[in-house]
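Below is one structure, written out as structure tokens; comments come after it.
By written order: A, B and C. Residues from 1 in each chain.
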Amino acid sequence: MHIPDGFLTNRVAVSLDVVSGANILYAARRARVDFSSRMVPIMGVLGAFVFAAQMLNFPILGGTSGHLVGGCLLSVILGPMAGSLTMATVVLAQALFLQDGGLVALGANIFNISVVTCFSGYAIFKLLGGSAEGGRRLLIAGFVAGWFSLIISSSCCALEMALAGAIPLRVGLATMSGYHALVGIVEGMLTAGVLGFLSKVRPDLMKIDGVGRFGVWDWIGAVLFVALPAAVLAKAGSSGLPDPLEKLLAGSPLLVEAGAGSQKLSSSARYGDYLLRAGVFVLLIGSGVLAKRLARRKRSGP
Amino acid sequence: MRHNFIDRYAALESPLHILEPRSKLLAFTALIVGVLSIPVDRGSLFFVYFFATAVLMGISQIPLPYIMGRSLVILPFIVLASLAVPWKGFYGIGILFVRAILCLILLILLTNTTRFVELMRGLRKLGCPQILVMNLGFLYRYLFVLTEEAMRMKQARDCRRVGRAPFGEELKILSSMLGTLLIRSFERAERMHSAMLSRGYSGHFPVLSPRRFSWHDLVFLSGITLFIVLTVLLR
Amino acid sequence: MTDYAVRITRLSYTYPDGTKALEGIDLDVARGERVAIVGPSGAGKSTLLLHLNGVLTGSGSVRILGENLQPSNLHQIRRQVGLLFQDPNDQLFCPTVFEDVAFGPLNLSVPAGEIPRRVEKALGDSGLDYALRSRSSHHLSLGERRRVSLAAVLAMEPAILGMDEPTSNLDPRNRRHLIEVISGLEATLIVATHDLELVLDVCARTILMDRGKIWADGETRSMLSEAGLMEKHGMEVPLSLKSGMRS
């Protein structure tokens, strides 16, 4: 879901602006170095594809409709660097074309919809051993990766809004993650379906970007990207800052006026949130490393 | 699919429209940040911003029903937030609503008084990475091509369908439609790359100099700065 | 020998998936000549065109204006060889018409002050109004898009022009207009097409390709009148020749 302006505390919004900005700048730098020139039109057109695909709603169960988010799918095909860059373009386009998602909240939306879905989806997919070879493993890996990418993305969204105090964590998680657990099934099935289709018709498309693939050091870099700025801003928030900056960052009225209960929620949950995020990425690194080691062992096995 | 949902009102000639995109980007972002940094005990400042926004809305010549229609995106969040009334009280949620709608209207004004092409150039000149702006350009350009293709595929499928297939079948069909669209997108990108190479593309996009700053922009920017400074002082 | 615009010797090309697209192509085109390449679908016509500016590289040699194609001189070559692709949507990728037409010259480091003049001339040569320049190409009709694509190539002022199915999907009026435009061009022309009437109108020399090889190379009218040859390669003698409409 695209968060509009005004639903996040400035602190959260700004910290996510920094994180997403860093991610984009890094990916852009990598793009110049790693990507062959043909990746550029590919990324652009696939951005249009995701945007168009997101606009094609299909009915599920009576009145509701769902659509493909596509972050996981893109990152499996393009690699998480190019994938997250493309998804970031889509999020930006949605904010500019459709005013879906706010301007200051852009960092948060890019983080949730692009960074989180792409990296977590890719990690899960690789972890479950999905590859262009196809078969049942591909379908299962695709499904789980797609489903999981939405779950974790919507949980981040709920957490961020809970920190604003506007929407209590329980309510947020229940609705957001609950809804996305259902929609995630569709995302998972479509991701798996499209990947399966590709592996049969154009398997070469799933291996187009060998250079941009993610290595262990990239995972470590990813954690640093998220955890470090987040930690810095969390620290800055708690200590004393020069007045005008403090005033700007502490601008959310709800933290000030909210009752004791929710204030407790914000202060402990804030650190908890950053820890959680860092933890998630550490987990993803660990799994990635583990998966690689297992794969290597399998290859060099008897 | 209608092509003009993006730049529908961007070709008007209101005082807002003729401003340089960079000044608009900076000014509206400053205003949004301004709204977001109003402390809660200064509820009256919201009225000041509301008034300013209304003035801008009027100047922009964009029809009010259109602005109202665009702002409906915020509805699901309002619904979610109103679930928190028992915790936060009406005042808290009310403030939230006011903040959100003000920021949204400001964003609507920014994006609807600027042609998308100009917006992209403005972003580039403000330091947005080249590759992001390029991707945005391609996305804009090929969005219509792809949605037309998608619609045609959908039509073709509908012609061959009787009634509603079971859920699993629907999903399979949609997967192959999406997969086909994806592959066609790839092939189009490959051909596009060949065309780009043929016209001398060597990795970077040269940019031409666009609209330049005029006295309109100076007046506008100073007006906005004055306004924001005043509101900060008024605290 | 530098009189030749294009000199292709024993060119062969196989696609990554193993399909043989070109087998031992020999072709010489003189400066200012207008050559048509005809043949059934899948003959390799488009593939051959892509070799003219190094987008594809096969075995054998391709010399453009005396220069052998190499990675180091591709930029120069692309200055001289313009390619018009079949689908305008593939070639119009900039947000506005002006930017699409300016794309080529900008890449060739034409000074910024020169650019508007080039764009205006290119649009004019393609029969379009300069006022079209701020429109987005998805707002244009197919005929207009075709012409913008042509303008985008002409703006680079190439000496050699390759065209892939320039008249396909055009209504009669747009087609006639495009043929007029093409007839007025001074560049060396190599046109791959199914439109045999276009060939008769514009190109004095025709090459017949099928299954990656050249089967005939000669004067247009006499070749296209040979019923046996045409039918053997999946084509027909054009109506205007059959009915004797062309004197």
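Just so we're on the same page, contacts are C-beta pairs under 8 Å (C-beta built on N, C-alpha and C of every residue); 3 or more make two chains touch, one makes a residue touch a chain.
Note that the structure is a prediction, hence the values are computed from the model and not measured.
Compare each chain's C-alpha centroid with the centroid of every protein C-alpha atom shown, and the nearest one belongs to B. Chain centre most remote from that of subunit C: A (centre = mean of CA atoms). Separation between the centroids of subunit A and subunit B, computed from CA atoms only, is 21 Å. The centroid of the Cα atoms in subunit A and the matching centroid in subunit C are 45 Å apart. We define each chain's centre as the mean of its Cα atoms; on that basis subunit B and subunit C are separated by 40 Å.
Within subunit A, contacts with two or more other chains are made by residues 41, 44.
Residue positions 116, 137-138, 140-142, 145, 188, 192, 196-197, 201-202 of subunit B each touch two or more of the other chains.
In subunit C, the residues that reach two or more other chains under the touch definition are 93.
Subunit B makes touch with subunit A in their complex at residues 5-6, 28-29, 32-33, 35-41, 70-71, 73-74, 76-77, 80-81, 83-84, 87-88, 91-93, 95-96, 99-104, 107-108, 110-111, 116, 119, 129-132, 134-143, 145-147, 150, 154, 167, 170-172, 174-176, 178-183, 185-186, 188-190, 192-193, 196-197, 201-203.
Contact residues on subunit B toward subunit C in their complex (touch as defined above): 3, 116-117, 120, 137-138, 140-142, 144-145, 188, 191-192, 194-202, 206, 208-209. Contact residues on subunit C toward subunit B in their complex (touch as defined above): 50, 53-55, 75, 78-79, 81-83, 85, 87, 89-96, 99, 102-104, 106-108, 112, 115, 136-139, 152-153, 156. On subunit A, the positions that touch subunit B within their shared complex are 1-7, 10, 13, 24-25, 28, 31-32, 37-38, 40-49, 51-53, 55-56, 58, 60-61, 68, 85-86, 88-90, 92-93, 95-100, 102-104, 165-168, 171-172, 175, 186, 189-190, 192-194, 196-198, 201-202, 205, 247-248, 250-251, 253-254, 256-259, 261-262.
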